[in-house]
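Read through the structures below before going on.
Each of the next two complexes has chain A plus one more chain, namely chain B in the first and chain C in the second.
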Partner chain A sequence: MTAAPPAGPGVVKTAPGPTAPPPPPAPRGRSALRTLSRALPVSPALVLLILFLAGPIAYCAYIAFTDLQLTGQAEDSFVGFENFRTAFQDEAFLNAVWLTLVFTILSSLIGQNTLGLSLAVLMQRASKPVRTLTGGIVITAWVLPEVVAGFLLYAFFRREGTLNAILDWLHLPSQNWLFTLPILAVSFANVWRGTAFSMLVYSAALNEIPKEITEAAEVDGAGGWRRMWHITLPMIRRSIGTNLMLNTLQTLSVFGLIWVMTRGGPGNRSQTLPLFMYEQAFQKSMIGYGTAVALLLLVVGSLFSVVYMRLLRTEV
Partner chain B sequence: MAISTRTLKTPALKTPTLKSRRNSRRYAADAGLLFAAAAFVLPLAWVLLSSVDPEADLKVKVPDGLTFDNFDAVLEPDITFTPLLNSLILCGGATLLTVVCAALAAYPLSRFRSRLNRPFLLTILFATSLPITAIMVPVYALFVQVDLIDTMQGTIFFFAASQLPFAIWLMKNFMDGVPKELEEAAWTDGASSLQSLIRIVLPLMGPGVAVVTVFSFVMMWGNFFVPFMLLLSPDQMPASVSINDFFGNRGTVVYGQLAAFSIIYSTPVILLYVLVARRLGGGFALGGAVKG
Partner chain C sequence: MRPTAVPLLLASLLTASALSACGSDSGSDADTLEVSFKQSTDNSIRVMDTYLADIKKQFEKANPGKKVKLVPIKAPDSEYYTKVQQMLRSPKTAPDLVYEDTFLINSDITSGYLKPLDPYLDKWEDWDQFIDTAKSAAKAQDGKTYGVPDGTDTRGLWFDKGIFKKAGLPADWQPTNWDEILEAARTIKEKVPGVIPLNVYTGKPVGEAAAMQGFEMLLYGTATGGNENPLYDPASKKWVTGSQAFRDSLQFVETVFKEKLGPDVSDALDPNIMTRVRGEFLPEGKLGINLDGSWLPQDWQEGSGHEWPEWSEKLGLAYMPTQNGQAPGKVSMSGGWTWSIPSKAANPDLAFDFIKTMQTKANAQKWYIANSGIAVRTDVAEDPAYVKAQPGIKFFTDLVSSTHYRPAYPAYPRVSTAIQEAMEGVTTGDSSVEEAAKGYDEELKTATDNQVIKK
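The block that comes next holds the complex of A and B.
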């Protein structure tokens, strides 16, 4: 169990030093002791992570199989897969799954990712003042606290809000966006808030492409779209993968933005899984059921997380 | 016929066409970016203009007059100062805890080879991308059982734990960039690991520590869900939750005041971001940090 072989090189390295205190053939007990003392600084972090992160996850896996409720129940009892069976027959749950899918695809895969890439590509070509100005504005939207972003977009999409004022000015039909198309409104809000991250990731990736390659293709007469498709995109594919994973994970756990804008409503027409989970657990006091939903979300998140790790595998 | 003239002319024309094509492409790119900037700036313009507008409503418009009444009205102890102080205690405490624990944990991971490093780092990396939102319900249930619900310290511990994986990951990567040779000299002089970490490694990776600190702080400052779930009494609420009081509790919504409060609450994180971005020469793209 002790890390004897890896400790070997360390010993050899320090041995040549004239004043190195430990004699080269360290006895086994001492090397174990040293491994332990070296690992000691990790312990505060480890304790925190075990108590406040691993603990809740384990607890989550446990109460998802119970009928724990918030009030008026002396003891919770083990109910097996009952919560999950309920979930998959619960129309509200299926609705939340569907909305989560729509929200993720619209705002993360299509919105943030494509817009972020487009902005990054345009920034490569644009003049410096325009680049700085746009970058500053987009990043400000990203740095703002989630709740503030929610309020700003609530104001933007409301019936009396900016969007309708512009549509009126253009003589286009206006409507109450938060009522007619709530999921679209919150998806746009998430695009507004999250695009900067993709933009930064792609800008960094595009800067790493050697200029000669794109210039050579340009001289050979390859048009913009063909260069993009055959040269740029293949060269930044790792960044695309990383970015898609992180965007999707972030989007899966959006709560505050939707809560502020619509509270999941009207009805439950913008109720994604995190909001559904919250409602079941606290407004309907079904902690067990809410946690079962949370566990499903966690499993989906973990799958994405594993894929993300595989993408980064070579770097650990 | 046409083909032959074109092939003849091409060499002579190549440079100017390429150049003018580049110019026109730059104008197109500028136009595209400005359009995007205009779309992105509208909600931001609303909050800026409404905060000084005596008659603010929900759309972007030229203020009916210039006033600081909105700021005056919200700069009250129970509207602004207490929530901001709560935010500061929560996020400051949790950030301090995160950075100290992350620096301590990153040191052996970066400096000593052990066969436990890889599995530990993989677990950390895995944890960085877990959706924290999903575990809030069990955390709430757990906190009720161990009596940590509605306590600042409980929330601080959870904040720190949720931010730690990413902080350790970042810190380890920054620490790998500090050459080991400098410490080896200190070791031979009899310095302990802790001494060389504090006296040699951390000062050398100042910008890295700054990034981890600012990033953790900014993430927590903006976080709504964690305090919303784990804190109950109104006098402990940080600004991210208390801002909701502008709706509901106070009758009709005074949008100008909401805007003014939003600005006050957002300014610290924007300043911190600018500070770090400037200090690292604009190279601070989180993407770069995430990539390792």
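The block that comes next holds the complex of A and C.
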């Protein structure tokens, strides 16, 4: 979340590059030594990665196959796929999967992505002061810590909140948004927060389109929409892919925002997978089951990634 | 040495030292006693902080060279338990003394988080001052004792005399069955608009308080289950499913929220509602009837931030009646907290000395009064200074005779969550009483490893 992703197509580059020519044969002993001395500088990083990244992931994968509980259990034992079986028979889990999909498609695919692109296109044509101002405001939403953003939007949506105050002032019926439409409220919050990122990616991509091509199309008589469809979109295709993937993965793991706004409630009406996982692992003390759900979340994420990568490949 | 080797060496040295630092950092200093406790989520409430600071001073004076480090854990109930359990899992994070809720203690004992205190208790003469129910509060199924209780509690109905007057209800109100509570709430709703007629804690965000203050206060007073054990059947050692008593209690909760007699559902499901009831709704005269615990006045005492010494004139107390007024007529639930020593504590002996300091008669009495607790030490209970210290103490102490204890077996915390879920379902209207009860029966099977019996 904090690290800026590498802009550009590198991330989703799937077509294999030309195979490198085989290295000139060298005396065996020397080559091994050379490989070793070359590997040496990266070894501390490698050790750290294994310790702090691969280690916990492997441990997590192991726990998912046990019935480990936080309390009320003397010994935990290996239970195989039991946790996964339970998950697929658990209505609350299926509900969480469904809500996660709704949340992701609403807020990431439709919201952040489309809105980000529109803003980027509009800003290209706007005057400099407007551009600076809009950019500043949108990016502020992105820079705010998740919890702060959550509280702001909680204050906006709650029963005595800003939104209802505005509606009252307009003599429109007010709503208890966090109660009646919690998934929509949290989706909106995620759009509010994440659009800036898409906007930045697309602004960068749009600036890369050579002016001559657009001008040539204009001379040929292509209108605004046609230029968008036939020139702009195909040319920033790779950025769209990157952006979609990053947005989706990030949205799938949104926890703080929803936790602060609704805690997954009321009932389970805004309980996406990360919240479901937290509830099972820490509130119901079933660490094993919660971890299994975490692994399933990982699967959902990779499914999305595979779909995006496929889409991009067929278009190449 | 090649030039690249130097930074490389440095890097590996740094890594090594960072890693070893992770390993050596722990609270195993023999002279420092780490005492963790639960801090209120309301910043102006510092009852326990103040009390422990005082004990710390006494303890450090009596034990020169020893230091006490207070470790506050600031979290709503349900998150507090999780945090503590995580701390207890590792010797690096385990404190020397931990504040445990009796509802969870058996579960934590089963996990092996706590140390049996019998060797210490045998040599401690004050232990004989504790009443029997208190002694058994932290006694596990293995017969050993794992905690020293710092008081107990009972539960009843608090009502706002001002609101009652406006609604034309008596100032010495005492309902004799559930319908009379609902009737009073309906009258308030009709005659005093703008106030919450009746608060019953409900739902997962509220946690165990919803299950105990809310649900069990109803369940243990039902006509069909009240005199027996409506949750757990001790004869068969199984948890009870499909009972009419459970449905009746859910029905009451549903009525409260369906008829809008309770707080707005979004407020009722706010994890901080307990703090709001004490700090906002009751003192500001916004709540008619509140089904709650005996400890409320601790927030209203002098120096607490929500000082409200007039509460005893503004609020009335009534016991919780049984469903149809059947014998014994009233219901109360009791729980309480204990001080326990984690099995991974570094300084258990010192920790027990700290418990002893907290439990001198004078200090214990100070705590009961500050905490609005019910004394579990006979010497304090008999002290007239204690009985007179606070209005309400007598009312709640008398309830001890008709009180019930939770079946706080290891599975109980998960049973409690299942209860909270069923309550939340009928509170939001997402499920009917029948659906919620069925959901509970299903959940109970997983929570208790199928140790269920139909009644």
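The rule we apply is simple: the second predicted complex is superposed on the first by the 264 of 316 C-alpha atoms of A that agree within 3 Å, B and C clash if a C-alpha of one lies under 4 Å from a C-alpha of the other, contacts with A are read in each partner's own complex, and residues count from 1 in each chain.
One rule holds for everything that comes next: a residue touches a chain if its C-beta (ideal position, glycine included) is under 8 Å from a C-beta of that chain, and two chains touch if they have at least 3 such contacts.
These figures come from a predicted structure and were not determined experimentally.
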Which of chain B and chain C A:137 touches, first, second, both or neither: first
*First (chain B), second (chain C), both or neither: which does A:158 touch?*
both
Next on the checklist: Is A:249 touching anything from chain B or chain C once the two structures are fitted on A? First, second, both or neither.
Outcome noted: first
Practice prompt. For A:147, decide between first (touching chain B), second (touching chain C), both and neither.
Written response: first
| A:178 contacts which: chain B (first), chain C (second), both, neither? | second
Report task. Have a look at where A:284 lands relative to chain B and chain C in the superposition and call it first, second, both or neither. Result -> second
Which superposed partner A:267 touches (first chain B, second chain C, both, neither) = second
Partner chain(s) touched by A:69 [first = chain B, second = chain C, both, neither]
second
Winner on chain A touched-residue count between chain B and chain C: chain B
Check: chain A residues flagged as touching chain B and also chain C 41, 44, 48, 51, 158
In their shared complex, chain B is touched by residues of chain A numbered 3, 5-7, 9-10, 14, 17, 19-20, 35, 38-39, 41-42, 44-46, 48-49, 51-53, 55-57, 59-60, 63, 68, 115, 118-119, 122-127, 130-131, 133-134, 137-141, 143-149, 151-153, 155-156, 158, 160-162, 164-165, 192, 197, 200-205, 218-219, 224, 239, 242-243, 245-246, 249, 252-256, 259-260, 274, 277-278, 281, 287, 290-291, 294-295, 297-298, 301-302, 304-306, 308-309, 312, 315-316
Residue positions on chain A within touch of chain C in the complex are 40-41, 43-44, 47-48, 51, 69-74, 86, 158-159, 176, 178-179, 263, 265-267, 269, 279, 282-285
Listed in rising order, the residues of chain B that touch chain A in the complex are 14, 18, 22, 25-26, 28-30, 32-34, 36-37, 40-44, 46-47, 50, 57-61, 97, 100-102, 104-105, 107-109, 112-116, 118, 120-122, 125-127, 129-142, 157-158, 160-162, 164-165, 168, 187-188, 193-194, 197, 218, 221-225, 228, 240-241, 243-244, 255, 258, 262, 265-266, 269-270, 273, 285-288, 290-292
The residues of chain C that touch chain A in their complex are 4, 8, 11-12, 15, 19, 78-79, 81-82, 85-86, 104, 106-108, 110-113, 203-205, 264-266, 269, 271, 410-411, 413-414, 417, 424-425, 427-428, 430, 446
